Every structure is written in structure tokens, then in C-alpha cells.
Amino acid sequence: MSKSNFTRRGLLKTSAVAGAGLALPTYLRAQEGGFTNAPDGDTVTLGFNVPQSGPYADEGADELRAYELAVEHLNGGGDGGMMQTFSSDALQGNGIMGKKVEFVTGDTQTKSDAARASAKSMIEKDGAIMITGGSSSGVAVAVQALCQEAGIIFMAGLTHSNDTTGKDKKANGFRHFFNSWMSGAALAPVLAGEYGKDRKAYHLTADYNWGYTTEDAMRKETEAMGWETVNAVKTPLTQTDFSSYIAPVLQSGADVLILNHYGGNMVNSLTNAVQFGLREKTVNGKQFEIIVPLYSELMARGAGKNISGILGSQNWDWKLENEKGDRYKGTNAFVQSFGEKYGFPPSQAAQTCYVQTLLYADAVERAGSFNPCAVVEALEGYEFDGLGNGPTLYRAADHQCFKDVVVVRGKENPENEFDLVEIVEVTPAEKVTYEPDIPEFEGTLGECNPGA
Amino acid sequence: MGILEIKNVNKRFGGLQALGDVNLSVAENTVHAIIGPNGAGKSTLLNVLVGKLIPDTGSVMFDGQSVLGRKPYEINQMGISRVFQTPEIFGDLTVLENMMIPIFAKRDGAFRMRAIGAAASEREVIEQAELMLESLNLADARHDHSAAMSRGNKRRLEIGMCLAQEPRLLLLDEPTAGMARADTNNTIDLLKQIKDERDITIAIIEHDMHVVFSLAERITVLAQGSPLVEDTPDKIKGHPKVREAYLGESA
Amino acid sequence: MLGLTKKDFALLLVVTALALFAPFILNPFPEGSGMAQFNAGYPDLMQRFAIFGIFAIGFNILFGLTGYLSFGHAAFLGVGSYAAIWMMKLLTDNILPAMLLSVVIAGLFSLVVGYISLRRSGIYFAILTLAFAQMSYALAYSVLTPITGGETGLQLKLNDPRILDAALAPGERANANLFGLDMTASHELYFGAWQFTFNAGYYIAAACLILAFYLSIRIFRSPFGMMLRAIKSNNTRMTYTGLNARPYALAAFVISGMYAGLAGGLMVAMDTQVGPERMFWTASGEVVLMTILGGAGTLIGPVLGSGVIKYMENIISKINGSILHEWFSWMPDGLEDALVTLIYPFVGKGWHLTLGIVFMLVVIFLPGGLVEGGQRIGRMFRRNGGASRAAKDIAEQRNPAE
Amino acid sequence: MDAILLQILNGLDKGSAYALIALGLTLIFGTLGVVNFAHGALFMLGAFCAVTLNRLLSLGFVPEDASATSVGGFSFGAAKETPYVEHWFGESVGAAIIDWSVPLSILFAIPVMIGIGVIMERGLIKHFYKRPHADQILVTFGLAIVLQEIIKFYYGANPIPTPAPEAFRGSFDFGALVGFDPNTIIYPYWRLVYFAFAALIIGGVFAFLQFTTFGMVVRAGMADRETVGLLGINIDRRFTIMFGIAAAVAGLAGVMYTPINSPNYHMGMDFLVLSFVVVVVGGMGSLPGAVLAGFLLGILESFASMAAVLETLPGINQIVIYLVAIIILLTRPRGLMGRKGVMEE
């Protein structure tokens, strides 16, 4: 009873009469722990909240595979995956702090309401101590805010918008995935090298927060190196046929098209752009190029042959260690155990989710407590290695991971449906690091909330 | 001066002259029948009277006020009620509820929000409705579903609903169309009873000459959108022009 | 009693009892048992039952009584939500002003939309309402981002003005409350292996549901309600009985819009966050489906329909492969795997499939919705001589016309 | 000027997709009086006919000398397969067959979609003719969900690339053909094919309804269902056939759409609302109305997406279709060419 998240408890007691008998004394599960859902048995429950229906269902399914693998490894099953290469050796394969890891799953439907409902049921019904997952920034921000209120740790899955660790950052939330700003910073030097510094860019931008931040980042970085932005047109999220947006691109005199689109939008806009033959055109004496700031394996699969030769950025790729060496150790260990279990290599969404689970478990072990505030302390400013992305920092100021960003290009002749992109370059972490207080990332982290 | 005065009404639909210079006067407290062959413009005329159609020219005065440009429900509130060719009742409602609605309409006007009190506690309205149902011999069916009634009873109910509003002019559009002989006679009796008991003007459009000659005090014959003759039933029966144009020599 | 007939009052009592004892009724299985998966008695879902119940009851006043099929009611819910969260950001975290404003704003918005849309009827009306709602959604998602927060929506922030509230102490967060009663405050009762949660927010929502249900009975039974049914039954006769159908329909539209606004406000009060997809056409479609599934034009139907849909969405969707294996682990291996393979497509990520099948089965075998199911059970009981009062009451709520 | 011409071309193309879907929808609306929320699902099924055929044709075996990609000792067996068709018919013929899988799917989709339509009508819809529209909505919506989920179960949620034949990939310079500067008006070949195909199907349906006895009866049925019933014509069977045709039209629209956008399981829902708007704006019970509205809304949507327009009216591209729908329905009570009394209750 010493600590309470319901800071108005004093008020609550005095207004018991006003509450007409409803204002019953508050106490939540396992009060002794002093935080929400303190695990009291010999198990601990994690909540995996991923899209299982709707357009991102396949991505959600891959995330879920990674989570199940992580749980298996934490509980000492399988070959241990990245636990063997992880720079921290706190994890012993005996669950988390000796408690066997169990999990519950839910469907976010890629809607913030549904995602919150699902997360709440995990917290209120299943007693989950940590929530992780998601494949869009809207969902990540919504669930992160919920976890902050409830006193639960949120380990974000795939979310790329600046807002998650910017405008909407929360003390209880952590993001391993990279963001729009980093995409811009990582791509710019590669673009200068590949396409030159004298280019005219035309942006098509998904008309919502993530689109805005991505366009901002791309414009800022490309304009800084000398590119001119000819035009930037916003496209509705619900658009399926982008012909009327693609057709005027050539007329504008642009020689680069930047598609600030994700998921179905990206698959369709890229397919349409290739259909219009943009890639075969020569404008201003230069080969016309298309850029997709944020790549994903599933999108690449959806776009098929259309991605060949198209540059973009990724958080991670399963060929990283093979092609770029030991710096990215952990990659092969993960790919191997994932591949053995499921028969195909993991996506970057799977990797980020797997890593987030491991990082959470490790933080609990190191902190010696499931208390969210202890976990936050253990993760803040934590430097680690061996989880596939090279040396990484979980920055204390905004709970964002800083690590190398992979720049990839769609393969001309893919061997199989899992090997669609080639790694062009890896932009080192220093080049994509920004100050935590730049205007794009303004927001208040607040203080950690342990809940009840 | 009649209660209903129609002057120089014209209505064209594209190339078709539906009504041409219709002049008609219906005297108060009479039964006035309008007859004519198919396409003579009877229905068009009726739709003009109830506000469903607006004529191109002319005037329609009811009790000294123009009805033109008013909405059907406003014209109804002026005192003109209409009975349809196929009975238009509230099929989803009970017989009693059917009868309550016109009484509400009479009492509360075209719109009045009464969302709080229960309809079942409107004693006065229910009493009036039950009285009306009794006079129509429908009291036993009051809690029945009106859609389940026979066509004849639906017709009675519809006429009763119109009467419940205490209209000054009752318009009937072929009230016995498609009815069995017995139902037709019942309806004629009901209308006769109404005529005897109330101060009411009735305008009736009808094909069935049996009905027309049983009820009408004056008859107007329409042909090709214009009134051909207007007279008493006896005169109309013998009128050569009418026999020629409408009834046919054999009638 | 309370201006209701005996039967209606009994129905109100049933609904009140169900709402008050929901924490017990919805948690019939002991914690830790395999069946605990089916427990729905946790605050968030109970709140959702109440909130969507209100939404559907309101929708039913329009659709069930007048027959006007609005395909844009989610817009009113969304607008109500935005109004509520802004009130909580700017004025106070007390939910009362927020909910009042959400009802008022949703009412005003529905007045505008209804005034325009009701110039047409039938499918034309449906498309007009759909168009308004889709425009609201699209704009809220994109160009109105400064007001609506766009994709990421709006949440309470530490630095919101909250003019009426005292400044937050360090470490304190803004919480939705009713005069200090925190919406997240819960009391837990352990009874052997059973666990029951009594949540303050849920009881606020339940009180609103009971009030909303009571008002809807009053409206159904009022002369106004009779007029609305008359519109649905025969608009021509309505007009030729001297009644102006449009203001009646508009009043029903606004009332149902205000119900939607209340539901939207409650959503924010229970869970302080708003996102635009709340207004997407599928959300409007959902309330249509809830109402029809339960039984349009009946009093209790919409509440049942919303309950079934929300239950599927929140409970069935969480049953995953490992839970299935746990359930059937006592079986011989081959049989276990066969059974899991058989059931798996219908649960967890396949919950939509089950929902679709339920829609079809209900509409094929119970043309009047779930209420007709209750009706049939009621008849069965009566034939056996032991008619249960509640079943009978529920059963007789159905308009015989349907 | 060239910008406007360009958007008219784009609009015609978008419009032809809208028109095709709306055409089938309004056939069912108009002839059967059924609100079919599963129509989008039929469009989606058509698209997946193309995907299925493509997959069937690409079925293959792994040649013995193939090498697999390996990572850290683990190898993924998914090395390149040799399709059976290439094995059977020789490499070039086989490759051509796979390349042409989308057009070939038309032949495959027609019987499949007619079959699905007929089964749907006989098995389900038939029982709902006399039920309230609300029930029709619920049952067809339920059916749409079930169909979607079945497809999702087998094909996943991710879009599946289904390219057009090599010969139709890429674009041609339409502007240069009609005297504009090069590169001002480019137009993909496949979209031209789609437009021509849509025109063919629409023309075919109209001709069928105009010049056959069957069509005459159906048109009479659309005008007045009761009279046709009184004529004693076996309207039931004709309605079944009509449903089959509508399903086939939706399915073919889906087949040919696959190269334009990679199909996924919920593409039908994306089109459903829009096609309802198109049908209603066109006017209930009017086939030409649906087609006209489809093209009109397609062109307006294209105009609204122009950068110059968006600068003056930000966000207009988000709402243009709905805004136009509202304006049209308020100025013309029954849409562009709707008939009185159809679905007005």
C-alpha cells in the first residue's frame, strides 16, 4: 500500500459518499509488489499485441513467431538464439528471474482502439507485466500511452514515426526500431553517392503523421546535400490506385521519386510507378530513380519484381552478418534458430520484436526486479551488443535505440522469395544520431510509472 | 361558392396535356363524384388537390384559402383527408395505434415532440380511438396487427382514420377498386352512414358506376384532362355526350 | 413504476441487475482454469459492453423505429470523443463536463448531418450519412491533424492546460475521474478460486447504460415513439394524416446522435485516448450489425448484439494455438492435434471468420436476431409450463411487425 | 491542358474499375432488389482466380543441381524451381504461359465466378429476396467476411504480385502521339488494356440486356418486378443467371485488376463502399447511371489529386468522392439517372 499510481487516492476516500457506494477502496493484484501485476507465482506473463487481422496480419504473424521463439529461448528451450551472442550474460535460460515465461496474444487490428482494448485485457485479465508489439505508429503511440497510465513496460515493435520517441515519448515505453529521422540521415549519403548531388525530387507522402515525419526527414537531408524538392503531394491513406499521383511526376521535371509510403500504400504506389515506366525514363540527362525510405521484407514481397533497383532503409536484414561481418553478430544465430523452427528467414519486424523481448528480460534480471521503474533504470543508457545490429545504445533521454541503419536495394534477380534485397551499405550509428531536444522530437518523457 | 374551387388548372407532362383548363366547384356537404375513362386526368387532379403535384397555371382554393404550394401534410391539416386506391394504413402498428395517430395529428398538429409520457397513458386519445373503432365495427380487432386484416377492414380502418381527423373534405380515390361485391357494398354503406351522420364534403373518384350512382349527388365527367359535363346523377345517366364518351351506348 | 408498464419495468430491472452484477455474471470460471479464457469480467471489456450497448440502443432509436438506415453513426461517436478529450485537456479531468460536451457536440453535428441527409430516404439517405462520416474520418486522419492528432490521435499529456484543475505534483499524472473518483480504481473480491473485479469506471458506464436503456423504453412507448414507428410503417399515410415526418425523423436522428456522443464521451472517460479510425465506415457498419444481430426495433436486442460482437472481438481473438493445446492436452496426441487443427482457423487470428459465420447463422435461422432466439426459448419454457419471467419479457419486446 | 488531359485519362481508367464493379452491383440491386455487401468479395475472388492460376502454372520442382541460400550453416530450401509447364512444353512456351497467366485467368475465372455466383444465389441469396434489406446486409456482410477469411487463410494477408504479360508492362508516350512534348502524358499499356476490357464488358452486358429476350425480361423486371411475375415467366431461373453474370463481371474486373495493384484479401472491402457510392450516385436501378457515375467519380478523383488543386484545397483528394456524392444526391434526388421508387424505403 506504500506506493500508488492512483495519485488521487486521498480525494477518493473523502468523496466516497459522493461516489454513492461505488468508491470502494482500491487495491490491485499483488499489492505487496508495489507495482501493477507483480508476478506472485512461479510464472510471469508477457503480452504480445500484434496485428492478426487486417492488412498487416502477415507482419503480425512474423512478429508473433519471433516472440514465441524468444519465450522458448528465455525458458531454456531451443538453441538459445541470440542469448548466446548477447553482450550481457544475465539471462540463464531459466525464465526471467527464475520464473517461467508465459505469454498471451491479442489482435491490434492495426487500430488504436482495438490495440488498447487488447492491451487492456492483457493487463487487467491476464496480468501481463509487459506489453510489446505493434506494426504502426498510431498503435504504438496509443498502447505506449496506455502502458504509461497502467504502470506497465511497453517494448515497441515495428514503429517508425518520430513521434513514438519524440512528441509522444513516454517513460514506460522503449523503441528498438529506427525512425524516420534516421532513415533520412542514413539514406542521404548513400543517395549522394549513387545518384549524385544534383537531383530534383518529387515526394508522394502518405497523408498522416508518419508520412509527414518521413517526408520532413527526407527533404531536410536531401536538400542539405543539394537536391531540389520539386513537389510534395499528400495521398490519402485509403488510396489504392496511385495513377493520378504518379502520372504528373515526369511532367514536373523531377528525376527522383520518393515514396513516403508504407505497407499497402507503398506496394501499390511503387507498382503503379513502375507501371508508368518511370524507371525506364531519362530526365535531365539522368536515369529516373525511385526511393522508398522505409523498406520491409513483406512489402518487398508484395511489390514483387517492381522493387528491383530501388533504394531504401531497414532496421536490420538477415544477411547482415554474412555480408558485413562480425560487427553484426547475433544475426546468424537468430536466423538459424528462427529458420530451423519456421523454415524461412525472419523479417526485420521479427528481429526487433525478438530483441525487445530479450532486452526486457535482461533488464529485469539486471535490475533484480520486475518493478517497471527498476526496469526503466536498467534500460536507460544501456549499451549492448551481439543482438544483430552491432553496438547499440538505449538512450536515457528518449528511450530510443541508436545503432547502425541498413541501406538496401531491391535485387534484380532474386534467388527466392526471401532474398529480395541486397545490402548496399550500413550507415554507422554516429551518422544517424541526433540530439534528443531537436524540434522534431520535442516531447516530455515524464517519469516512470510503476502502477499500483 | 363551393368549399373547393378549382379554377383554370392546367398541367402538362412533357408533351401530354394531363389537365386542361379544369374548372370545378364542390359544394359544401355534398358528395361529388369525378368520373372519366382511363387517362382522363382524374389521378392528376387528385394529386394537385393534395399537394403532390403543382399545376402549371390556375388556382385551387379550399374554404377560401389556396392550397397550391403547400405540402401534403399542411393541406391535410387544413381539413382535406385522402383515402387511397389501395388502403394506406400503418401495417406494422396495431389497429388501435393506427387510429390513435390521426387523433394525435388532430390534437398536436404536424409536429410535436412527446417523447416522455407513455402513449398508453393518453386516456383521452385512446377513448376517442376506441369510440371510432366501435363505430366502424373494428373494436374487437383493436389489438390485432393491422397488416393482418382483410382488405375490406383495412379500407374501413383507413376511412375511419381519415374521419378521426374530422376533415371538412374527404377525398376518395377509387375506394372499392379490387374489392369483392360484399366489401364494396359494405363500403358504400359506410360512406352513406358518414354522409348522413356528419357535416362533411366528399369528393370521390370512381370507376364503379354502381358506387357512383349509389352515393353521388353531383358528378363531373372528365375526358382528356378537361371536364366534359357536370350535373346530377340522373342527368348524367341520360346525357348523350357522356354515354358516347364514357359509358358507351350499351351501358 | 417510473412511468413504465409492469412488463417494461421488469425488463428494466433485468437489465439493471445484469449491469450491476456483470462482474459476477461475466466471470463464471475460476481463475487459472482452462475455461478462464472465456471470462469477460474485466474492467475494459465490461466498459466496452456498456459503451457499445449505449451506442447500439441509440442507433436502434433511429433505425429500429424509423427504419432510416444510417451508415455514418460512428462519426458522431468520434466527434463526441474528440470533444470529450479536448474538454479534459483544456478544462478539467473530471469526466462530467467532458461527457456533457460530447453529447452536446455530437447532437449539434448530428443535427447538421441529419438535416441534410433526411432530405432523402432509403439507400440515398444511407449513402449521404456514409459520405459525411467518411469525410469526417478522412479529414480527421489527415488535414485536421492539428486538432485531432491525426493517425496517433489524442491522449492526455502532462503539460495540458487543465484550467480548473490544480497543477500536477511531480510524478503525478492526469487521470479521468468523477469528482476525485478515479475511473481506473478497482476493488477485487476473491471467492475461492474465483476473482471478481469491481471497477469504478465500469459502474459509471453501467449507470449511463441503465439510464440510456430507461430513456429508450420511454421513447419507445411514447407518442413520439409511435410516430417514429409510423414513419417506418407507412410514410405516405403519415404525410396524408397531416404529420410532418421530417422533424420526427430528425429528432430521432439527433437523439441517436446524442447517444453516440455519450458513448464516445464515455469511451474517453474510460480510456483517455481518441483515434480517427473510430469514425471509419467499418465502425459505422459495426453498430448496424450489432443492432440487426440483436434484433432491430426491439428494446434489448441492440445490447445483446453489441455484447456478442465485442465478446468475439476481445475473447475469441485471444485464443491462440498454445491455449488450444493446453485445453486438449489431456487427449491422446493424435486426437489433440487433430482437434487443435480443426478449431484453430476459427479462433485467435481467425476470429473474423467465426464472426462472419455467426452473422450468417443468426440471420438465416433467427430472422429477428438474437431476441428471436430468446423468444423461441421463452416459448419453449412456456410450453413446459415454467415460463421464466425474464425470458418472457425479453421475448415479448419484439415488435410483432418484424 | 496536357495536365488535364492526363488526369482525364487516369480518371477514365479508375472510372472503368469503379464502373465495372458498380455495374455488377447494380444488376443485383436492380434486378433482384438485394443489397449485396458480398459484391466486393466477388471482385476479390476474381483477383484471386488470377493468383491461383498463376500459382498453379508456376508449380514446379527443384532441379537437382540447384543451390540454396545458406546462412551460418542453415540453408533455406527455397531454391529456384523449374515450373512443370516449362518442363512439359519447353522453356520458352512454358515461360510464355506463365507470363500470360493473367489474361489466361479470364478463361479460368468465367466458369468459376459464374459457379460461385449461382451457388451463392441458389444457396443463400434466394431466401432473402423477401426479407428486409437489413437482413440482406447482415447475411451478405457475414458471407463477405467468411470469403475474405478463407482467402486470408490460404494466401495470407500480404499483397501478392501478379504481373501483366511482359508485352504489356511499361508505358507508352500518349502525349507524343497527339502532339504534346514527350514525357508529358505517359500511359501504361496495361491500363489501356483494362480500359478497353471494361468498355468491352460494359458494352457486352448492355448489348445482352438490349438485344436478347432474356435481357428484355430482365429489363422489364427491373422496371416493374410485379408485372413480370404476373407474366408467368420463370423469373427465378433468370435471376439466378443474372446473379451469375453479375458475379462474373465482378470477378473479371478483379482478374484484370491484379497487374494494376497487387491483390490482397481485403481489396474487396476497399472497393465496396466506393462502389456503393457509385451505384447510388448513378441512381438506383439504372445501369447507364452506374457506368456514368463510375467514370465521373473516377475523373473527379483524378482531378482532385493534382498538386495545383491540392495547394488551394488541401485534403480535397481525401473527400472529393463523398463531397460530390452529397452534392449530386441533394440536387438530383435519385442520383444521376435513378428511377423512382427503387430502394427509397
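Observations
To keep things simple, chains are lettered A, B, C and D as they appear, and every chain counts its residues starting from 1.
Keep in mind that, in the parts below, contacts are C-beta pairs under 8 Å (C-beta built on N, C-alpha and C of every residue); 3 or more make two chains touch, one makes a residue touch a chain.
What you see is a predicted model; the values in this text were computed from it and never measured.
Among the remaining chains, those touching chain B and also chain D are C.
Every chain gets a centre from its CA atoms, and the centre nearest the mean of all protein CA atoms is that of C.
Chain A and chain C have Cα centroids lying 33 Å from one another.
Inter-chain centre distance (chain C to chain D, centres taken as mean C-alpha positions): 34 Å.
Between the CA-based centres of chain B and chain C the separation comes to 46 Å, rounded to the whole angstrom. Multi-chain contact residues of chain D (touching two or more other chains) are listed as 314-315, 318. For chain C, residues that reach two or more other chains under the stated contact definition are 138, 141-143, 352.
This structure has the following touching chain pairs: A-C, A-D, B-C, C-D.
By the touch criterion given at the top, residues 2-3, 6-7, 9-11, 13-14, 17, 69, 71-74, 76-80, 152, 156-161, 163, 169-171, 183-188, 190-191, 259-262, 264, 266-267, 270-271, 301-302, 305-307, 310, 314-315, 317-318 of chain D touch chain A in their complex. Interface residues of chain C, counted against chain A in their complex, comprise 39, 42-45, 48, 138, 141-143, 145, 150-153, 155, 157-159, 169-173, 175, 177-182, 184-188, 197-198, 200, 203-204, 267, 271-273, 275, 277-278, 313-314, 317-318, 320, 322, 348-349, 351-352. Chain B makes touch with chain C in their complex at residues 50, 71-74, 76-77, 81-82, 84, 88-93, 97, 100-102, 104-106, 108-111, 113-122, 145, 147, 158, 161, 165. Listing the residues of chain A that touch chain D in their complex gives 53-59, 61, 207, 231, 233-236, 238-241, 243-245, 247-248, 250-252, 264, 267-268, 271-272, 275-277, 280-281, 283, 298, 301-306, 318-319, 321-322, 332-333, 335-336, 339-340, 343-345, 415-419.
On the chain C side of its complex with chain D, the touching residues are 63, 67, 69, 116, 119-124, 127-128, 130-132, 134-135, 138-139, 141-144, 235, 281-282, 285, 288-289, 292-293, 296, 345, 350, 352-353, 355-360, 362-364, 367.
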